[in-house]
Each structure stands twice: as structure tokens, then as C-alpha cells.
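Should a chain be cited, it is by its letter among A, B, C, D and E, assigned in written order, with residues numbered from 1 in that chain.
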């Protein structure tokens, strides 16, 4: 991809992140959204803080070459949170798509002629790729989550009983889910 | 197709600006993963609580007794007359909002009704309607509303989404304690048979067998016997000999049964055994366990004051029967809130016991001279201070430890420095989490007060997010890999929490760390910790520990 | 269960309430027990000269409530703009001065104690005019 | 009209102009019903006899003031009518508007080391120089010291908060600070002029209060012609004439403050 | 538009119009506004305030449940937090004092921020604390200052307070800082409630009403002092009339005075029925006014009653065989 889009993203990074963050945060109820936006303490506001950090990282590395593994690590923290919050999968992972609209808006605002249409569609497909990765991450998080859930009782009680030899006959079937 | 569905404009449009409806007009939405199953009628029946029945929170019909409104109203009135805290807290909140963002559930879920002030308003609105003139006259303008089935459902959902951790109370200028309000609300709900099973069944079990899992006495002993074997293995041939229900022992030991039956609490239990063995060998320390009072934790506390008292009574009863001098309490959170703030008042005076004195150091535990029950952290800290324990902290060198203050010992008792003193004497690598997430400002594990069930896992993950987030911070900054705590619910709740948010961090009890570092009399070289894991550096060639290949 | 008649922590709460009532009613008992001073507002006694003049620089009502504002304006105008003559709405000229000369405030209202202090004391107003300006009568 | 002006300033000072804006209409509404709703129709003017000028200045003919005793009546005249507390014995707390100074202190920047013997012992009468570029005005945080259009550097004692920045800024030491209540140290108070209060700075005012009623400054009046006062911008004035005739110097000219007090030597 | 604050705003506007009309209507209505209503308001305030407190006092404190915000008193060599986790009466008094006078719990609002990568620092999130403290302190000062109207001769502490309050001698009449601060603080608290969505969400009409009312009181007060002057001597005469129980009306005092007095009366009468009772309630808050000496001194619950328990005998009865088999000692073989 040529440098125009990259330059543009770099130049308008703060604005784009700000807008994107606002969009993502507005997926929460308004009372909560204001808290997420306002509260600066990362320990009193892990959701807001994680969200903004992840969005930054994604923008920074959006156009990198070898990005798939990196992108997973950038998307993981935010989706890890959203996947246990009250969102359907489309919303939990779909926030990535807000980026398309925001970038277009920004391009219009800037009346930037540099970025050509084919560059833009290349960017779009990058974002599409990102969404797919986001869904992968989402699925992975849910999978982990259910594993934890399934293992909990076992880890908590069964394991101890088993170690104590108070449970017999199931050892062959034992499979480690962790 | 995707064009139609996922146009960003549309997504944005849909998600933007949800009209802000008045909270009173927003009915509760009981969501999967965010609530606990209804109580099993058998459990409710066993302890003789009213209106036992099978019901499902997701159903429209909760099979309430005919006169449920009257029951609630009368129960409300009775509690206002019995508890000044309740009455005052119903009246004086100014809704300043200081508590709003202090609740871990609000921080994690973002559900506005999880703000402590609003949680309390759920009850207050009905209070105004039923018990104040202004509310009766002005109605909704005065913030009053009638108790309807929707309001009741809201109560049930949100008062079983409070872990009674009291963090909000720390910041309230009037000390309004949402825990206190939640306790009252749960009492009211129990009057019409609305409880959750993760509370009701442990209550019944504790009542009958003495522990919340319903483990019968022989199994309890078996379990400890197994620890004896395990200790022999990991501690190089040490043969510990716990005693049970032994009359004439000096001291009775009571710990939550979670330590006996659930990982990683079991390692803490092994720690107790090793510590007691060490003290017996060295100083003739004389302590007994009980199978009757084998549960320190008190799920009655999450049901009603009366149930709490019924379960708690076993401690003094057993101490009296066995004729011990005083009671030593293990690591537990709400057990200690009950002991510290309720036990003596409810089931005392314990005049058949002696004022606690450490038989080893001679230290008088002045602060527990009436209740006659000493916390193991106080007891061990005193031993270490008097140099009565031979310790090798380097045996914990593979651990980088941080300490999670459990809500109840922190905000209902003030046990902050004792466990820190102990841990810092048995570990060389100790790191604190940020100031506003520890001590009296500690974040809840998200699973306290009976919410430690399996079905509400999302709720627990979100409630524990602020805690996990602070752990993650020290993990990333200092490489912390072990989260210590002095609470059995923590030891049950934090491992899955860590597994989801910070998979590299494990959970331990304080006494496990002590036992790791303790140089047992007559031990041969110990190369593993209590978990049977090799301690790097003590082995001729380092073997990589297992935990490392857990998938991300 | 509870008889609903008994008060708990009775002593300290009753003591607190008595303190509360004492505070609320302070002005009343302070008046009856300690001061007992007449409560009517002081009458302003006009000097002969003022009586003769019949009118002040502005109307009586205006002066009653706004005199401090007027003086504030005067002092600024005099010091900062060097304007010292006040032509009142009805055309008369006055020397814009609190205390100097016959045509000043005190030149007419010659008795400061009667004219100023009485009301100021009553309303607990302590203007700092007299820290610098000199009442000609008190002149040492 | 003037009163409006005054109120505006008051508001600015009090920092509650926002409240004032909101209060305006309500005030008017109430003004009709309660209190006094009188329209401000009074006018404030200068005295007819007031002396006006564009740049008041003073020329001191040191040739006519040879000894301390020549100066004494002048100083007394000033301090008397201005209620300057002259009985303060503690030198550090002394208050002075106009006083004698040795040549080397009055004119330290003169590079002539060998001043003639006469000048060396001559007492020079010094006072506030009413500079064209007064440093004291620049530093005053409350505008208590300000420069009038007619060149007089004046103090508004009402506004002085006693920060003493002006004292630090004045290169001539023309200002004094009231460390204590001055009244007990005044022999006979002069009711025409106010005293000062504790914590206020004071200095010579070029007898602004006398000019306002058409009188010459007290020192000039008491000097038997040794001190001449007049408008520097008026070519016909006495001061201009004098300066044309004789050689005059000013204090510390190098500082660029532009004193309005000239000394004929 | 939020109905909750609209209700309150409209209520206060209606009250204003009532008072304004009353002040204009004639001497009889001025008498009602200036004498009858203030007396009634005080009476309602005192009687119902006491009733409310007594009501609270009739409920016992069955358990000792202080919120502990620091280290407990324990082993002698561990430094305990005598203030945040008081183990003595003195500690409780100090804790309550700091809470009531300086709103210490609100002050606790620390925030953590990571500036550069690894340098965390703590900042205090103090706006609510500053606003609330300024509001209450200023309110108290203003009330105390008003005693100059209710005492004759004016007591020394009151004039002293006035002098301090008007320390910055700005303009004439001198500006009282407390009045301006009160007005600013009440405006801040009001705006905060309206603008922060989180706080707006939890606010009820009864939260806005006193704020609007106090705003009205402060505003009318400032107006009277600085802009639309009233006859202060007349005001004092009327105030002294109330105090000496020989009430009367002084004519020509100005309508705004009646508005001011009416607002204050409404506030007083409203007080005991509202959240404003936190003034009294804070003294009775069990989480703050109790000593944390739970394990050292037994607390008595007046309604403690015996409960049904599962005795050891019942327990042994059920599990005796298994216990014997496992080698556990039993009472009855």
C-alpha cells in the first residue's frame, strides 16, 4: 500500500482514535459511556482504559506488513472484555467496522485528494480482515470462558477429591481441559 | 448481505444515543450468565426457611405466596424497627454520587443500576412509598414507587449482584453501607422464599454436616489424612498428625471447609497442618480440628441475621463441648466479618473460654479478649516477630507475590498489616498493587456473598475485572506470578478470574507460603513446594514448570 | 418485637437534641436571659443644619439604602478623576467629601455618633471610613 | 452615569460580574417595588477654580535653599496639612513625604567624584518625582497607585493592600509604609485631609487636593519662591521659563523614569 | 428535558411568585410572609427534626458494624490506625469530627494515573469534595453571620466573623466572601447534577428542589446586599421582633426581603422531611460512630433471641457410625 493512507492515518491519528473510541464507548448506556470517557484512572476504569489502549495499538499497526499475530494481541484485551459483557457477537467484535466510516469522514473533512480510490478499498479490505480476526478472537475468548466454566467445579472440588483418592473409576476418562 | 447488515453507518446509528429512560421505568432484564439459579426447595426446607418451592427466575411466574406484598411490607417495617443502620440509611442518602464508580460491578458491567446509590434506591423507593408521608403524598416526584412484581424481580436480580464488599461505604460521607442494605433486602427476599441456590444449599449443608459441601465427618477426616500423606511426600518424610474432635485440647481450629476440599485452598490446609506440626514438635502446641464445626465460612450471613446466628452457633458450642481455652481461626473473609462483628453479640458471651494467650510466645491477644478467637495471621505474625519459626524465604524465590486484601477482613475488621508482615517474612519478592486497589480500597474478587456459582460466570468475570486489572498491572510491571489472599472464597473465585484475564498468575493462601518457607524439624531436603512443583534452583538441573505451556 | 417506645442510646441523643434546641433558639434566650436591650430600630436625629437644608444630595429613600454606594462612587471620582463637585438631581452643588468642609457630609450632619454610628452599630456594620477620615468634632 | 461606571468597576473587582449580569434585570424589577428606584441623574464635575495642567512639574532652586532651616518650614507645611505622622522615632518606621537628602544620596549617579564643597554639604529637598514612566504604577497589583492625565502619580489609599511592591520598585525611596496606626504619632490632625491606616503605603501627592481647589502645592507656597510649580507642557509656564534660564538636573536620569522634579544647581 | 429538575425548578418559581405577590399585596400578606410563616417554619423544623431523630433512636443498633478504613488494633508492635479504625471513643470522636467538618470520606477519592510508561502517580479527584465543603462551610458562615440581625447588641464573635468574612475590603458595602462562595458552590453542585449523566441518572426531584431553593436564597441575599438594596435597619427591626416575640412589620423594606425570608422558611419546613436530615443522620450512622473493639468488648443486641440450632448431639446421632468407623471420638459409643 502506498504511503498516502499511511501518512494520513499518522497525521490524523489522534482525531480518528478519539472518534473511534467515542463510537465504541457509545455502545454502552449513556450514564456508563460518560463514566468510561471521563474516568482517567486505569484501575477505576479498566474498560475505558483498555479500550483506548487497544484502539491506539490497532491504528498504529493497521498498515504493518506482518500483522496478523500482532493484531490478535492488540484486539484480545478489548474483545476479552466485550465478550463477557452483554453484547451479541456482532457488537462485541463489530466495533472494528466503525473505523471505515470514521476514516471516510475524516478524508472528506480534510478534502484530501492524495488518497485514491484503490488505496481506500485496500484499506477497507484491511479492516475487513481485522473484523475477521476480531471474530476469531471473540470465539477464542468465549471458548476459554466456557472451558473455565466447565473446569471450575472440577478444579475446585473434583480434583482435590481425586487427589485424595476419594473418587475412583473415572481416571481413564479424565481429560485435561485446561 | 454483509452490506446490508454491517454498514458501519447503521451500526453506529443503532448504537448511538440510547434514549435515557428513567431508571424507575426500566424493568429488569435478567440476563444469562449474570444471575444465579434459584434455590433448591429441599435446601430451603431443611433449614426451615419459609416458602420453599421450585421456581425459575426466567419464568414470569415466580410462584410467590399470595400475600407476598404484605409479608415484605411487614418484614420491612420489622427491620426498620430493629436496625437503626437500615432506618438511617434509608433516610439520609443525598445521592451525591461519590459511591457511583466505586463498585466493581458497575466498573465491570457498566450497568447503571449497579451503582451502589441506585442499588439502594431500589429499596429506598419502596421505603418512601410505604413508610414516609412525603412519599405517600408526592409519589414519584419524591422518588417513591409501589412494590410491584417488576420491582421485586429487580430487587432479586440486583441484590444478588452485590457482594457486600463495602467498598462504597468507605467513600460515602455518611458511611452508608450498601452491604447492610443488601443484607436487609436479602432477608426480605428470603421471607418469600427467594434466594439463590449457591447460598441456600451451602446453608443447608453447613447446618447439617458442618460444611458447605455436605461432606460427612469421615470424609472430612479422610481428606485431611490424605494431606498427611501428601505432606510426607513433598516435605521429605514429615509425618504430621492432626487430631479431631479431641476433648481437652488447648485450642480449637476452625477454617472454611473450602480449604479442605477445594484447590488451591487445599494447599493452604496442608500449610496449616505443617505449621501446627512444627509448633507441636518444637513447643508442644496442642490444637484440634472439629468435624462438627468444620465450616468457618457462614453462608447464613448471605441469607439473614437469624440464619447467620444458627450456623455460627456451632463454633462456641463445639469449643464449649471440647473444653478448649480459645479458638484459632483460619484464613477466611466473611467468616471473619461474622466473628469480628456478630459472633460475640449473637452467641456470646464466651465466658467458658479463656482470654487468648499464645502458648508459645506468651503474647496476650488483647484485641480478642471477649470473642476469644484469634486470626491465624495475627497468630503467625506474633510467632515470626518473636522469632519462633525457622524460615527460609528463598524457598519462595520462584514466586513473585502480590497480596489481595479480601473485602471483609479489610473493611469489616482492619486486618491489613498482619498478613503482609507474614508474607514479607516468608517471601523475598513481594509487590503491592496500586494504592487505590488495596487495603481499605481493595477491589472485590467479584464472587463474594454467595455469588461464587458457576452459572453466573460472566457476572463474576466482570465483577472481578477491576481486581484482575490491578493484578495484570503488577504482573506486567514486576512479573508477579502469585496472588496471595486470606480468604477461601478468593481462593475459589480468583483462579478462574486469573485464568481468563491474567493467565500467568496463580492463587495461594498465606499459610501455604509460610509452610513453603518453614524449615521442618527433621526434614530431608525439600525440592518441591507444597504443590509438588520443583523449586527452581533447589534441583540439580532445572526442570521447567508445567504452568508455562497453558495456552493463551 | 421492639416496643417502639424505648429510645436507645438515650442519654447521648437527648443531650444532642437539647444542644440542638439550644442552638436554634439561641437568639431568643440570648435576648431574654442576657441582653434584654430594646429591639426597636434607632431613630436618626437630624442636626439643625440638616433640618434647615431639608434635603440631602439625593432623596431620603435613596440615601437610606444606597449611601454606601454613593460614597464608593464619590471616593473613586474624587481620587481618580479629580472631580469634587456633585451636582444633585435638583441642581444643587455639594463638595464630594465625607468630612472636610462645611459642604461635605459631616459638614451638614455634624454629629457622627448620632447620624452614622447609631444605625451602623444596630445593624452591626463597621465601615472603615473612620480609620482614616476624621470627624471634625473628634479632632484632637 | 458616573455611578454606573463606579458600579462596573466594583463588579470587576469583586469578581462576580457574572452574577451582576444575571442580577441586572432582577435588580431592575425589584428596584421598582422595593428600595429606591431613582434614576441616577446627578453629575460630577471639577471645581471651577481647579487648576488644570497636562504635565505638572516642580522646579526646586537649590541656590535659594542653603541650610536645613530653610527647608524646615517647607517640610512642616507639607507634613502638617497631610497628617504625616512625624513623631515616629524609630527610623525604620519613619513616614516622610518630603525631606532633606545629601547630594551623594540624592544624585548618586553623578560621575564627578570631586563635587564642589558647597554642593557636597547642601541639603537637597527630595520628594516623589511623579515620574513620566513610574515603575511603582507598573507593579501595583490593585492600581492603587496610578498616573493621572495631568502627570501626577497618585495613590488611592482606599485601594492599597500594603503589598509594598511599589516601595521596592521606586528608585528614589519616595514611599513610606505605615507599620502601625499613624494617628497617635500625629501632633495635630488636620481634618481636611484623611490620615492613613496601618498597612498602607503613602507618599507625596503633589497636593492634588489643593490643585483641585485652585491652590498651589503647600511646599511651593511655603518656599518663598524657591520651589516653582507649573505645567511643563505649557511653554508660557513659570517652570518652563525657569528651566530655559537655568541649568537644571534631575535625579537618576539614567533609569529613564523621567522625573518631573527638577533641581537648579 | 428532565422532568425531575423541571418539577423542582417550577416549584421554586411558584414559591417565588407567591412570595413576590404577597409582598406587594399589602401589610396583611406581609405579616403572613414576615411573621406567621417564619414562626410556623421554625416550629415545624424543630418539632419534626426532633421527631425524626427520636424515630431513628427508637431503633436499636443491634450489631457493631463500623466500616474499618485502616489497620485494626492488634499486636502491640503493629501500628494501628486509631482514626480510620478507631479502637477507642476518642478515635471515634476524631473520626466523626473530621467526617462532619471536613468530609473526610469524600476526600479519600484518590485516582491513579500512569503518566510515563512506568511512573504511576496519584491524584486526588476532589471536585465533589471541594464543592461540597465550600457549600457547607459557606452555608454555616452565612447562617452564623445572620445572627447580627437576631442579637442586640451584636455579639463579639459574630462581628469578628463578619470582619474576617469581609477581609478583602472590596467596594462598598464590603463583600462577604462566604456569600459569594455559597452562591458559587450551590451553582456548581446544581450544574454538576444536571450535566454529569451518571449523577443526573441517580438524581430525584427531591435532590434538585433544595438546590434550587438554596440557589434562590443565596441569589436573593446577594441581590439585597449588593444590587437592589433593602432597608437593613428595618430588616433588623423585624428580625428582632421575631426574636423578642413581639413581631411586627416594618414598611418599605422591599419585596425581595420577603422572597428571601419565604424561601428560608420553606427550606426550614421542608428540612425534616427530606434528605437534608443527613445533618442529624450522620451522627447516628453506625458504620462511622462505632468503635472497632468488637472482639475485645461484647456488644449487646437488645432483641437478641434464641434460635434453632443443629446441636452436636443431633449431628453425632446422624453420623455416629461413620464417625466411629473413621476413628473419630464420639460422646456416646
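Criterion: a contact is a pair of C-beta atoms (placed from the backbone, for glycine too) under 8 Å apart; a residue touches a chain by one contact, two chains touch by 3 or more.
Everything quoted here is computed from the prediction, not taken from an experiment.
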item	value
Farthest chain (mean CA position) relative to chain D	B
Top chain pair, ranked by how many C-beta pairs fall in contact	B-E
Chain whose Cα centroid lies nearest the overall Cα centroid	E
Length of the line joining the C-alpha centres of chain B and chain E, rounded to whole Å	34
Centroid distance [mean C-alpha coordinates] between chain D and chain B, Å	78
Mean-CA-position distance for chain C and chain A (Å)	70
Set of chain B residues in contact with two or more other chains	20, 81-82, 84, 100-101, 112, 222, 434, 436-437
Multi-partner residues of chain D (at least 2 other chains)	10, 35-36
Touching two or more other chains - residue numbers and ranges from chain C	1-2, 4, 8, 61, 64-66, 69, 72, 128
Chain C partner contacts - residues on chain D that touch it in the complex	2-3, 5-7, 9-10, 35-36, 38, 41-47, 50, 83, 146, 148, 150, 154, 156-158, 186, 188-197, 208, 211-213
In the complex with chain C, residue positions of chain E that touch it	42, 45-46, 49-50, 53-54, 57-61, 147-155, 158-159, 162-163, 169, 171-174, 229-234, 236-237, 240-241, 243-246, 250, 252, 280, 283-284, 302-303, 305
Residues of chain C that touch chain E when the two form their complex	1-2, 4-10, 13, 16-17, 20-21, 24, 26-28, 30-32, 35, 37-42, 61, 64-66, 68-69, 71-72, 119, 121-128
Contact footprint of chain E on chain B as seen in their complex	20, 23, 48, 80-89, 91-98, 100-101, 112, 115, 117-118, 121, 132-134, 141-143, 166, 169-177, 180, 207-210, 216-218, 221-222, 244-247, 291-292, 305-306, 309-310, 313-314, 317-318, 321, 339-342, 344-346, 348-349, 363, 365-371, 373, 378, 381-382, 385, 410-418, 421, 434-437, 439-441, 477
In the complex with chain E, residue positions of chain A that touch it	30-35, 39-44
